[in-house]
Each structure stands twice: as C-alpha cells, then as structure tokens.
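Look at the two complexes coming up: chain A is in both, with chain B in one and chain C in the other.
Here is the complex of A and B:
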C-alpha cells in the first residue's frame, strides 16, 4: 500500500526563480516497505467563534508517522481557521490555504483543534495514520440503539 | 509577484482503499485577509545538524518568532532530506505545559516527526514574547574620558554634558540591544524576547573620574517567545533539513 503526497512551490518573489518540489510516500514510522494503511477524512462547515476538536489524539498515535491534510475551502480571503495543537496555536489557514503536517499524538491532550473566524469556514481534512483502537460498543445499549 | 503552493495526494486503487484516491489543491500565498501576495521569503535553504554523540543531541531553533509578523499568513515548508528510513526530525513550537516534569515533550509542543523524505507545509502564527527593556539615566558630574560599558561595548564620554553622553550611548550599536534616548535617559530594548534577563550596574558599568552615574532601572520585564520553530534530529550524525519561509 502506498499513498503519496507531492507538493510544488513556485514563486517569482526574487530576481531568480524560487521553486521547490517534494514527494513523499507515506510510510509507517521508520519503515520503507509498509505504508500508512488507515485514514479518516471529512468535510465540515465550521461556524465562527467556537473551538472544535477536529482530530482527537489517541494512544495508538504516539510516536507514529501520522500525516494530516487540512484545506480551508472558503472563498473569502478574510475568513480563516486557527489551527491549534495541545492549546498551542500553530497558525491561521485563510480561505484557499492548505496545510500538510506530521502529527505526533504524544499524549491525550494533543488534540488538533480549529476555530473559525470571519464566518462559517468550509474545511476538508484527511488524517493518514496507522494503528487505531476502535471504541467498543457500549454493552448497555441494544445493537439497534 | 505571486507564490503558489500545490499539493497532490494520490493512492492507487487497491492501495489504501479499493478505489483511487486523488486530491489536489493549489493555494496562492497571500497576506492575511487580503488577495495581495506575500512579499518576503527566507529563500530555499538547508540546515545540517550534527552532534558528537547521541547523548548530547539537542534542539535547534530554525525560525524565531521575534523576526516575523504575528498573526500573519506566514507559511513554512520543511523537508527531511535523509534517505535512511529510521532517521527523523521532530518539529516543535515553543511551549510550556505547566505542572509537568519538563522533558522535550513538555517544555516544547511537538507537532510531529518528519521521517526520511517527509515534508510538511504549515501556517505559522509567529507569536513573539516580550522584549526586556531598561533605562540608563545619566546624572551627576561626567567628564571627557569617562566610560559606559555594556554588552561588550564601551562608550567614551566626549564631554561633561549629560544629554550629550546619553546621545553618544544611543548612537552606539549594541549587539543584543536597540536604544532610544530622551534627554539624559537612554532606553535599551532587547533584540529578542527573553525571560532570563535582568540588567543592573554589574552589567552596565560606569567608570568616572567624578561622581557620574547612569542609574539602571528595568522598565519592561521580558518574556520568552511563544512560538519559535525548533527541530531535533533523531541521530547525532549529519542530518539535513530543507526549509523555506514565506512571510509578511
């Protein structure tokens, strides 16, 4: 299994061309043969003002090679979402911006949170990961509950 | 001028799922809340880390928040160019999780690990701390040849005028401080946000033939930067991080 993430940066900011490209095959931590084999993804409309947990840290994600992609699909450039990990602000994704980062869920407080500003922001996100412990069904509830 | 950043995520049918996954997005990097492009860049650069042994591996500050605009639309690109699968850089922001026994994991906030060939592209808030500031107030009797020494720099008085000598200190460049002057009072401001500074007359030394003084008084207590970007290699042998910062 292999999922690739490729990026291309181009700029005419300087007198010479500034260009960078990179492509990585998303592997499990420390391996070259075993790709990340699970993912979660979503598309959310995030109302302004309230902080939300976009991704909750789990013990299975400690010291792994998890990757997170987030894109702010908003078309208004004044809209943005603030990205926070463990109460630390990483930065702002304005309308049209995207990010792709490793995410080490090094303890249970290491949730990845977002807060929208300007209006309802539309967010696409994908988390590529390995190892996930699914929550056991609550036995007190019936199967159809 | 324009800067574009594109990403393509692909997974062939039968790899991650039975269907093809293909997603791409391109962003024009613009200033916060505007359609105008970012105008500054660090340029594409590399940083190689190397330590004498695994026991002395430490973090390196790649970008200091002090140097960039807070709450802008800054973007950072990092790539671990190692070809050895087990070698990784851990990427951190300044942090401090109170109440914990400090380790790397708690005195900094970890973003994640970049394994060999991995890259990341993220927004960066660049929240600086507060820069320490103090005043030196020139008073009493000064004479030509008296000295004021601070931060490794000695200023020699040209005459007896208090305002004149304060102005001479202000005109001097100090490695770690900027200055401003009002009459006989020079205000020093640290070039970087730090919480560990406390300047007194043992650091700012006056030598005068008479009773000239330059009383030191702290006016702003400094605090540490809130979001410097740190990297830490997993091995002590050479590892190289490629990086670009686009900023306001």
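Here is the complex of A and C:
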C-alpha cells in the first residue's frame, strides 16, 4: 500500500541552472515499513471573504505523519487563497500554485484554514493520513434523521 | 528566467485513484512575472534537539516583500551519510507554529509570508544527526 510524492524543481534564475528532485514514500510516523493507509480528497469552490476550515485537526492526528496537498486551480493569477494553520498565516496560493506539506495536528486547534480573495477560488486538496476511525452512529436518532 | 516545480502523487490506498500531477511556475504575487530572487540551494546539518532558524527573514539579501506573500520554500530531509532514516524526523515551524514533521526522505514545498519574525525554524525529534536541504524563492522588497 505505497503512497509516493515526487517533485522536480528547475530554475534558471542563477547563472548555473538549479535543479532539484525529491521523492518520498509516505510512512506512518517514525516507521520504516508501515505506509499511510487512509486518504481523503476534495474539490471546493471557495467564495471570497469568508474563512473556512479546509481540514479540521483531530486528536487522532496528533503526532502523526499526515501529508497535505493543496492546489489553487483558479486560472486568474490575481486570485489567491490565504493558508492559515492554528491562526498563523502561512502564505498565499495564487491561481496555479500548489503546496505539499507534512501536517502535524499537534493539538485540535491546529486546523488548516483558507480564505479566498479576488473571487471564487477553486481548490483541489488531498490528505494522506492514518489513525482516523469512523464515528459510531448516534442511536438516539432515527434512520430518517 | 523561469522557475518551475512539478509534483506527482501516486497511491494505492484508494482503489481507482489514478494519481495526480501538477506543475507550477513560480511568479511574483498576483502576476505572471517570474520570481527573481532566491536564497540559493543550501544544506544544514543538525545534531541536537534544539530549535534553530533555517531561514531568518531579516537576513534575505534584498529584503522581503511582505505584501505579496507568495514566496515559496522547499525543504528536504536527506538523512545523513547517505542513510535516510524514516524514524529521524525534523519539526518545521513558522514563527513557532508547527507545520509538521519531515521524516527521512520527506520534503515540503509551501508558500510563506517571509516578513520579519516569520522565520522558518526546524527542530529534530532526536539528537541523531540529520541534514536538511532547502531553497527559497522570493520577491524582494
């Protein structure tokens, strides 16, 4: 059950071409043989102005090896989403930008939030993780509730 | 003068997940103008669990653009002496707020604000020696 993330970076900003590559197999925290085994993904249209929790931190995610990919699929380069983790602004993803990070939900306030600017931004996201268990159905509710 | 980064994700976790790939050109905030400044590619060897600055924003060569905030940083845990240890992790912070842990071989690419005090900090989980490679692309003030 392998999950891999590979990246290729090329730049001719300097007189010598800068090129770097990286590839990792996503493992559970601190292990060498046990790969991440759960994932979620989505595509959202994020209206401008309001802050939304894109991913909610949970106790099950504390000190795990969660990896998150987010891409701003907007085609207008002036549109952007501001990425915030636990009330700390990390940076902006403008139209066409992507990011890939480890995400340690080191407490349950460590939500990953986004706020759109410029117009409705279209966001693709994928979260590779471990440790999530399904919530038991609330027996007090009827089937039609 | 273009700087590009492409990512390819593959996984067998979810049946029928066909993988994902994306390429981006690093530009100045809100424009199609190629980013022009870089720290250059660097290495940092860490051998203690002390939190240290990987990037001190006040030291950037031409100052930093705090308005655009579309700067990008790439960091990779390359292990030590050609040994990549998945159990040796390094926490990454932005101004003391933890982003996550880069275990051996792991990497990140993310936007950063890059204003003063919003330094990128790293802290190994153990005192085992580990080396980080990193590069930052940014728009000067």
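Miscellaneous remarks
The rule we apply is simple: the second predicted complex is superposed on the first by the 144 of 145 C-alpha atoms of A that agree within 3 Å, B and C clash if a C-alpha of one lies under 4 Å from a C-alpha of the other, contacts with A are read in each partner's own complex, and residues count from 1 in each chain.
Here, a contact is a pair of C-beta atoms (placed from the backbone, for glycine too) under 8 Å apart; a residue touches a chain by one contact, two chains touch by 3 or more.
Quick caveat: nothing in here was measured; it's all calculated off a predicted structure.
Partners chain B and chain C clash in the overlay (superposition on chain A).
With both structures placed on the common chain, the touch criterion links A:30 to chain B and to chain C.
Contacts of A:47 after superposition: neither chain B nor chain C is touched. Clashing C-alpha atoms with chain C after superposition occur in a single stretch of chain B, namely 237-245 (options considered: 165-173, 183-191, 201-209 or 237-245). Overlap of the chain B and chain C interfaces on chain A comprises residues 1-14, 18, 20, 22, 24-25, 27, 29-32, 36-37, 39, 63, 65-67, 69, 71, 77-78, 80, 82-83, 85-86, 88-94, 96-104, 106, 110, 124, 126, 128.
Within the complex formed with chain B, the residues of chain A that make contact are 1-14, 18, 20, 22, 24-25, 27, 29-32, 35-37, 39, 63, 65-67, 69, 71, 77-78, 80, 82-83, 85-86, 88-94, 96-104, 106-107, 109-110, 124, 126, 128. Of all the residues in chain C, the ones that touch chain A in their complex are 1-14, 17, 20, 22, 24-27, 29-32, 35-38, 40-41, 68-72, 74, 76, 85-87, 89, 91-92, 94-95, 97-103, 105-114, 125, 133, 135, 137.
Put simply, chain A touches chain C in their complex at residues 1-14, 18, 20, 22-27, 29-32, 36-39, 63, 65-67, 69, 71, 77-78, 80, 82-83, 85-86, 88-94, 96-104, 106, 110, 124, 126, 128. Within the complex, the chain B residues that touch chain A are 1-12, 15-16, 21, 23, 25, 27-30, 32-35, 37-41, 43-44, 71, 73-75, 77, 79, 85-86, 88, 90-91, 93, 95, 97, 105, 109-115, 117-127, 227, 242, 244, 246.
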